[in-house]
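One chain, chain A, appears in both complexes that follow, with chain B as partner in the first and chain C in the second.
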Partner chain A sequence: MFSVLWVVFIPFIFAALTPLIQKFIGEDRIGLWGVIAALLSFGGVLSLAGYGLGDEPLYVIYEWAPTFGLTLGFYIDGLSWLFAFLISGIGVLINLYAYWYLHKPDPFGRFFAYLLFFMGSMLGLVLSSNLIILIIFWELTTISSFLLIGYWSHTERARYGAVKSILVTSVGGLAMIGGAVILTVITGTAEFPELIKKAAFIQEHALFFPILLLLMLGAFSKSAQSPFHIWLPDAMEAPTPVSAFLHSSTMVKAGVFLIARVHPIFSGREEWILLIASIGLITMVLGAYYALRKVDLKAILAYSTVSQLGLMIMALGFADVLGAKATAFHIMNHAAFKGMLFLVVGIIDHETGTRDISRLSGLRFTMPKTAVLAFIGAFASAGIPLFNGFLSKELIFEAAYDQIGVASWMAVFPVFAVVGSILTFTYSMKIFFRVFYGEEAKELPKHPHDPPFGMLFSPGLLAAVTVIVGILPFIAERFVNAATAAITQQPADFYLTIWHGFTPALWMSVVTVAIGIVLYSRKALLEVLHSKPPFGLTVNAMYDWWYPNIMLGAEKLIGVFQSQKIRFYFMYILGMVVVLCGWVLIRDGHFRFIPHDLMHAETYEYLGALAFILATIGVALFRSRLAKVISLGVVGYMLCATFIVLRAPDLALTQLLVDIVTVILFVLVIYFLPQLKEVKESLSVKIRDLAVAGLTGAFVTVFVLAVYAHRHTTSVAEYFLDNAYELAGGTNVVNVILVDFRTFDTLGEIIVLAIAGLGVYALVRMGVAHKKKKDSSI
Partner chain B sequence: MISLILHRVTRVIIHILLIFSIFLLLKGHNEPGGGFIAGLMASVSIVLVYLTYDIETVKRFMPISYPAMIALGLFFATGMGLGGVVLGYPFLTQTFDYFQIPLVGEIELATALIFDIGVFLTVVGATLLIISSIGEGS
Partner chain C sequence: MIGLLAIIIGFLVGTGTYLILKKTAFKVALGLVLYGQAANLLIITMGGVKLGEPPIILREAGISYSDPLVQALILTAIVIGFGVTSYLLVLVYRAYQAHDSDSVDLFEEVDDK
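Coming up: the complex of A and B.
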C-alpha cells in the first residue's frame, strides 16, 4: 500500500530537496542524488510487479478531501505497470548517463531537479486511476518538459522549442479537460474502473464522439501526431538525455498510454477506428518521409519517433486484441532501441562536436564501441530479424493485414504500413552506414574517440535488452500479456516467437527490406525524395504566423484590463459587482422592501449618519490631501461608532485600530507625494464616473434593504452562537469564528497580509536601491 | 521639534500598551480581542515610539527582523494545523480543555491560542514592515 505513494512522490521529494543537497555534496556529484531517487522509485515499481504482471490489478484510493469527493486513486494493472517500469527503469539509466554527459558551466542541480520532477509527474500520470488526476499529472509533464527543453535558455532555438512545445501540447491539454468534464458529468465518475463498467452507456450516448475527439486531441498533441507533430523536432534543442527520456521513450508515449487506457471504454464504434487508425497511419508515413529528408541526427530521430508513435497509435486504432498486443510489445521495444539511439547520438555529438550527418563518416575506426551500439539500434529500428523491432513490427503488420477482412477499404493500412516501413528502413540504414562507414571524416570540431564507461553503460544495457528480446522473445511474454489484458479487458495468453511460418506479415517484411535496400542503394531514387519540397503551406509556417499574432492579441486584451490606472480598476470591480449581483437580485425577485419593519433610529443616530455622509462628501471635494485624509479618518471613526451602537465591540476595536494605522501611513506618505493637480475632466467622463458611483451606492442600499427583508430565513449565525462555547470553548463568537470555525479563511488572510507586507518591503527597497544606483552613477 | 511631554509619556505607556495588547491576545477567546486586534494594538504602540523618537530607537527597543516575525507567525499558524494532521485529524483541527492549576483555579487552554499567536505575530510583522519600509524608503 505504501509503495504506490512511494513510487510517485519519491521523485518529487528528491527534486525539491536537490538545492539543499547540492550544498552538502557539491554540484559535481548531484547527479548521484538523481540516480538514487530513480533507483528508489524503480525499486518501488518492482515491488508492485505482483499486481502488474499478475491477474489481479491493485486499486487503492487515498482520501484527499472526502467532503468534496476528491480522492487520490492509483490503479496498477498490466498497462500502467509496464509504463511505470519503463519510466523508472529508463529514468535510472538516463540519470546515470546525464551524470557523465553534463559539463560546466551548465547548472547541474537544476537539471536533475527538473528531471526528477518530470519522472514523478510521468509516474503519477500512468498510475492514477482517475481521469482528472491523470490530467493534472499530464500538465505537470508538460511543464517539466518545457523547463527541460528550455534548459539551455541562452540559445534562441531552445527558447523557441520550449514555447512551441508548451503551446502545442497545451492546446490539446485544454481540449482534453473539456472531454474529461463532459465524460464526468454524463457518467458521474472519473475513475477508470468505473468508466470501464459504463462503457456500453458511454458508447450509446449522444456525446460519444465529442468526448472521444476532445480526449484524442490531447493524446495526439502529446504524442506528436500530425498535425501537432511540429513541436517534437524543435524539442530536440533539449540536452540529449532529455530527448532520450522525454521525447522518445516516455513522455511522448503518454498519448499512446491514454488511448490504451480508454481503449476498453471507447473502442467498439467505427469512429474509434476512423479517427485513431487514420491519424496514426498519416503520421507514420509523413514522419518517416520527413526523417529521411533530414541531415541532423537528432532531427532524424525526432521524426522517426513521430513516425513510430503513429505506428503504435494506428495499431491501437484497430480496436482488436492483436493490435493491442502489437502496441504493448512495440512500446517496450521502441523505448529500448530509440532511447538507446538517442543516447548514442548524444555520444557522437559529445565526442565529435557535430550531429550533421553530411559531415560525419567513418567513425567505426575511432569509435568502435559506439558503432556496435548504433548498429544494434539502427537495425532494430529498421525491423531486421534478431532485433526486437522486427518482432513487434511484424505483429503490427499482421494486425494491419487482418483489417482487410473487416472492410475492403481498410487495405490501405497494410499497404501504407509497408510504405512507412520502407522509409523507416532507409533512414535507419542511413543513420548507421553514413556515420560509421566510408572515409574517415576530417575537420571535425573535436577529435572523436569512444566515451568513458559511464556514458556507454546506459545505452549498452538498452542494447543488450534489444538483442536479448530480439532473440529470445518469450522473456517479454508476461509483460506483453499483462498489458494486452489491461488494454482489451480480456485475458491474454500469447506466445512470442521469431518464426511464425510464411505468413503475410513475413512477406510484408521481406518486401520492406527488399525495396528498402533498393531505395538506399539507388542514389537517384533518394535524390527524388530529398529534392521534392513537401508542401506549400506547412503546419510550421502556420504556427510561426499564429504565435506572434496571438501574443499581440493577448497584449492588447491585457492592456484593456491592466490599464495601470486605479480609477479603471475600481470601475471594473464595482461595475461587475453591480451588474452581476444586481442582475441576480432582479432575476430571482429577491428585492423586497418592508418600511414598517425597519429598526427605529434615535436622533443621535441620524446625526451620526449625517456626519458620515458629510465626511464622505468631504473626501471627494476637499482640495488638499491632508484635509482628505482627515475626512477619511472621520468616515472610519463614524463606522467605528456605528459598530459600537450596534454592539459589536470586536469590530469597533478592529476598525479603530485599522483607522489609526491607515492615517499614520497616509501621514508618512503624504509628505513625499506631489501636490494634487487640478485635472480638467470632460463632461462625459464626469457623467460616467457619477453614473458608476451613483449606481454602486444605489445598489448597495437596495442590497442591504433586501438582505434585511430576508432576515427571517435561518442564518449560519445561529449555529455559531449556539455552538461556540460547546465546540470551541470560547464565548467570544467573533473570535471563535476567526480561529476555530473558519480557521482556513483566517490562515488565507494572514498569508495575504504577509505577502502584502513583504511586497511593499521589496518594492520600497528596490526603489531605494535603484535611486542609490542612479545617484552614484551621476 | 521635540516634545518633552510626549517623550516622557511614551516611555511609560509603551509598556502598558504592549502588556495590554498581550492581554487582548490571551483574552480574545472569551472577550473582545484576539490575535488580529492585539496585533494591531501592538503595532500602533510601536508606531508611537517611531513617531515620538525615530527608527533607530525602535530598532534598539525591539531588535527583531520583521520578515522573520512574519515567518514565525505563519509557522505558528500552519504548524498548529499540521500538528492535527500528524495526530490523524484534518488540517487545522482545533481542540481545547480545562485545567486546574493550584492557586489560579480553572483555566482553559485551547489550540486556537497557538493559531491566534501566529495571527498576532504576522499582523505585527506585516504592519510594522509596511510602515517602517515606507517611512525609511521615503
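Coming up: the complex of A and C.
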C-alpha cells in the first residue's frame, strides 16, 4: 500500500523542503506549509481507516537492503492506527496553533521543519512492524524532541532541559536496543506479527525477564515513569505547541505504545504485572502529588502528564482485557483534554505574560472564551461526569478493582488509584478556579484578552471532542474496540456508556470527588501537602550531580588520551598493538615456533649476535652522543654481517655503504648541534619508558617466531629464480628484480630519494637565509 | 638461528622504542634508524633463513637459492630509510637553528599554532 509510505514520509519530505519553500512564500507563512503537510499525512491515515478499524490488519513489507535481510515493514492494526490518527490529527491542530503562537524574532522555518521531522518519526514509530525499525524511529523522535525543547536555545533553561531529555531518554533507548537484540537473537525475527506467534516460546525462555526489563527501561524513560520522570518537567521549556504535541499527547505516549505493542508477547507472566503495574502506580501517585505542589501552570501540567501516563501504564500492567480497553480509551481522551489544556496554558502565557498560578486570578472577566476551554479541560482531567476523562478513568478504576480478585495484595491498586485521583482532582480544580476565579489580577505583564480565532480553533476543537465523547461515548467505541483487540489479540466488542449502575468503580469516583472537594476547600489540608519536604527531588539532584561530573570526567579522559604529546600517542599505539595482537596470538594458538630450528647456530653466530645486541643497547646506554653514534655504526656493521650470513651479498654491500654515510651524517649533526642541556628525567618516567620498550621488544620477538612458524604459502620468488636468466638475461636475481621486473618500484625509490635530497638542500639553504636575516636584524 | 634473529630484532625494536620516547630529537632520530634496521631484519626472516645459496644463478641443476624477493624489498628499504634519516637529521638541525632547542615538544607546539 502506497499510502503507508505516504503517511510516514510526507512529513519528512516537507520538513526537508522547508528552507526552500520559505524562500518562496516568506517566513511569515511557512506555518501553512506545516499545516498542509500535516493535513496530507492525516488524509493518508484516514484512507487506512479500513484496516485500523476493521478486523483485518494491514501488513506490508518493503525490501530495503535484501542482502542484509533488512526490510521496512509496516503493520496497521487498531493500536497503531489509533496512534497514527491521534498523531496526524493533533499534528494538524498544533501546526495551525503554532502558526499564530510564534512571533518574531523566532525562526519560524526551523520550528516547523523540526515539528514535521518529529511528526514523521512518530508516525514511523507507531506504524512500523519491526522492533528494530521502531527503535530507529524512536531515537529520531528523541532527537527531534531535543531540537524542539532547545528551540529557544538562547535561554539557559531550554538548553538544560534539552540536554536532560536527550540524556535520560537515550539511556533508556540504549537499554531497549539491548533488549531488542537479545529478543531478535533468540527468536530469529524482529517482526511483531512473528514475535506474537512465538509468545509462548519467549515466555518460557530463560532470558524472558532481562528482555522485558531492558525494553521496559526504554518505555519507562520515554514515558517519563518514575524515576525517569525528571526530564519531562524541564522539557516544558519548549514552546507550548511542542509541549502540547510531544510532551503530552504523542511522544511521551511512545512508551505506552511500546508496552501495548509487546503486550501480546510478554503479558501473562507475573513479572509483567509486578514490573509494569507497580511502576505505573508509583508514578501516578508521585506525579499527582508533585503537580499539586507546583505554581507554574506548565509544571503542573507536566507532572499531571507524568501521573496520567503512570495511570495508563498501570492499567496495561494488569494484563487483562479491561485494562487494555481502559488504556486505549484513556490514550484518546488524555490526548484530547491534556493537549487542549496545554494549548490553553499557551494562550494564558501568550496573553498575560505569566504562567505563575499565584499571580493569575479572575481571568474569566477578561478571557471568557479561554475560561470555557479551561473549564472543559480541567473538569475532564479531574474525572467529572459528562467529560471524557470520567469515562476512561472509571474504566481504569474498574480494572483496578478487579485485581483484588487476582490476589489480595493487589488491593493496593484500587486504593492508590483513588489516592492519585484525589490529588488529580485537586490540582485540576486549582488550575481552573485559581486562574479564572477570584479577584481580577492586577499588575500582569500584559493586558489580558482572548486570543485571535486561530489560536482558539485548535483547543476549541479538542474541547468539542472532549465534551462530545463525554456525553456520547459510543462514538469512540470502534476506535477503542479495534485498539483493544490489537493489544490483547482477542476480538473485542464493548459498549461504552456513561451509566453502569452502582458499580464499585462509581463509588470510587464518588469518594474521589468528595475527598477532593474537601481537600481543595480546606486550605489547611492543602498547606500540609505543600509544606512537605520534596523528597523525590533527589533524583533531580542526582542528575545535577552526575551531569557536570560526567562531563568533567570526559574532559579528563580526553586530556589523558589527547595529551598533545606525540610520544604519548606513540605509547598508546604500541600498547594497543602489543595487547591486541598479543591477545589474538594467544587466543588463536598462533604462538608456536619450530623448536629444532630455534637456537641452532654456529658459535661465531652466537658471538656475533651478542655483539649485535650489546651494540644495540649501547645506542641507548652511552651518555656521550659520539659514543651513541659509534654504537649505531657497530649495529649497522653487525646488520651487514647478518646479511652475509643470510646469503644476501647485495644487501650487505648496500648496508655497508649506507651505514658509513649515516654515521658521517650523525657526526656532522653532532658537530653543528651543540650539546644542549637536557631535562633530567624522573625515575618513574624511565621505568615507564623501559616497560613500554621491553614489552614491545618482547612482543616483536614472539611475533617473529610465530610468523616464522606459519610460513605456509609458497613464495613468488620461484618465478623470479626461474625466469631471471631467460627473460632478463641476468644472473643476479635481486638486481634483475629491481631493474627489470619491478622497474617502476625502483623509479619510485629514486624519486623518493630525490625529494629527500631536495628537502635537505632546501632546509639547509633556508637555514642560511634565516641566519643572515637574524644577523642583519642585530 | 631464527631464535637468535628474533631476539636481535626484539632488542632493536625495544631500544628503538626507548629512544623514540625521549624528548631529544637527536635520540628520536637514532631510535628511528634502529626501527628501520629491525624492519629490514624482520622482512628477511619472512623469506626463510639459510635456505640455500645467494640468489645469483649458477645455471646448474639441483641448487636451491635463498629468497631474492625479500632481498629486493630490503634493498629498496635500506636506501629509502637512509633518505628519511638524512632528511630528519637536517630537520633537527634546522629546528635547533630556529628555536635554539632540540626538544620534540617544540615541534608539537609549532604544529599547533
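Please note the rule applied: the second predicted complex is superposed on the first by the 556 of 778 C-alpha atoms of A that agree within 3 Å, B and C clash if a C-alpha of one lies under 4 Å from a C-alpha of the other, contacts with A are read in each partner's own complex, and residues count from 1 in each chain.
By our rule, a contact is a pair of C-beta atoms (placed from the backbone, for glycine too) under 8 Å apart; a residue touches a chain by one contact, two chains touch by 3 or more.
These numbers were taken from a predicted model, which means no experiment stands behind them.
By the document's definition of touching, neither partner reaches A:Ala627: not chain B, not chain C.
Greater residue coverage of chain A by touch, when chain B is weighed against chain C, goes to C.
Once the two complexes are overlaid on the shared chain, A:Tyr606 sits against chain C while remaining clear of chain B. Of the two partner chains placed by superposition, chain B and chain C are both touched by A:Asp650. After overlaying the two complexes on the shared chain, residue contacts for A:Thr743 are found with chain B alone; chain C is out of touch. Contacts of A:Ala728 after superposition: chain B is touched, whereas chain C is not reached.
By the document's definition of touching, neither partner reaches A:Leu552: not chain B, not chain C.
Shared-chain residue A:Ile475: touches no atom of chain B or chain C. Shared-chain residue A:Val764: touches chain B and chain C both.
Look at A:Val510: by the touch rule set out above, it reaches neither chain B nor chain C.
For the contact definition in use here, the residues of chain A common to its chain B contact set and its chain C contact set are 649-650, 654, 658, 661, 665, 668-669, 672, 731-732, 734, 738, 746, 753, 756-757, 760, 764, 767. On the chain B side of its complex with chain A, the touching residues are 28-37, 40-41, 43-44, 47, 51, 66-67, 70, 73-74, 77-78, 81, 91-92, 94, 96-98, 108, 110, 112, 115-116, 118-119, 122-123, 125-127, 129-131, 133-138. Remark: chain A residues 649-650, 653-654, 657-658, 660-661, 664-665, 668-669, 671-672, 728-732, 734-736, 738-740, 743-744, 746-747, 750-751, 753-754, 756-758, 760-761, 764-765, 767-768 touch chain B in the complex. The touching residues of chain C, counted against chain A in their complex, run 1-15, 17-24, 26-27, 29-30, 33-34, 37-38, 40-42, 44-50, 52-59, 65-72, 74-76, 78-87, 89-94, 96-98, 101-102, 104-105, 107-108, 112. For chain A in complex with chain C, the touching residues are 564-567, 570-571, 574, 593-594, 597-601, 605-606, 609, 612-613, 616-617, 619-620, 625, 628-629, 632, 635-636, 639, 642-643, 645-651, 654-655, 658, 661-662, 665-666, 668-669, 672-673, 676, 678-679, 689-690, 692-694, 696-698, 700-702, 704-705, 707-708, 711, 715-717, 720-721, 724-725, 731-734, 737-738, 742, 745-746, 749, 752-753, 756-757, 759-760, 763-764, 766-767, 770-771.
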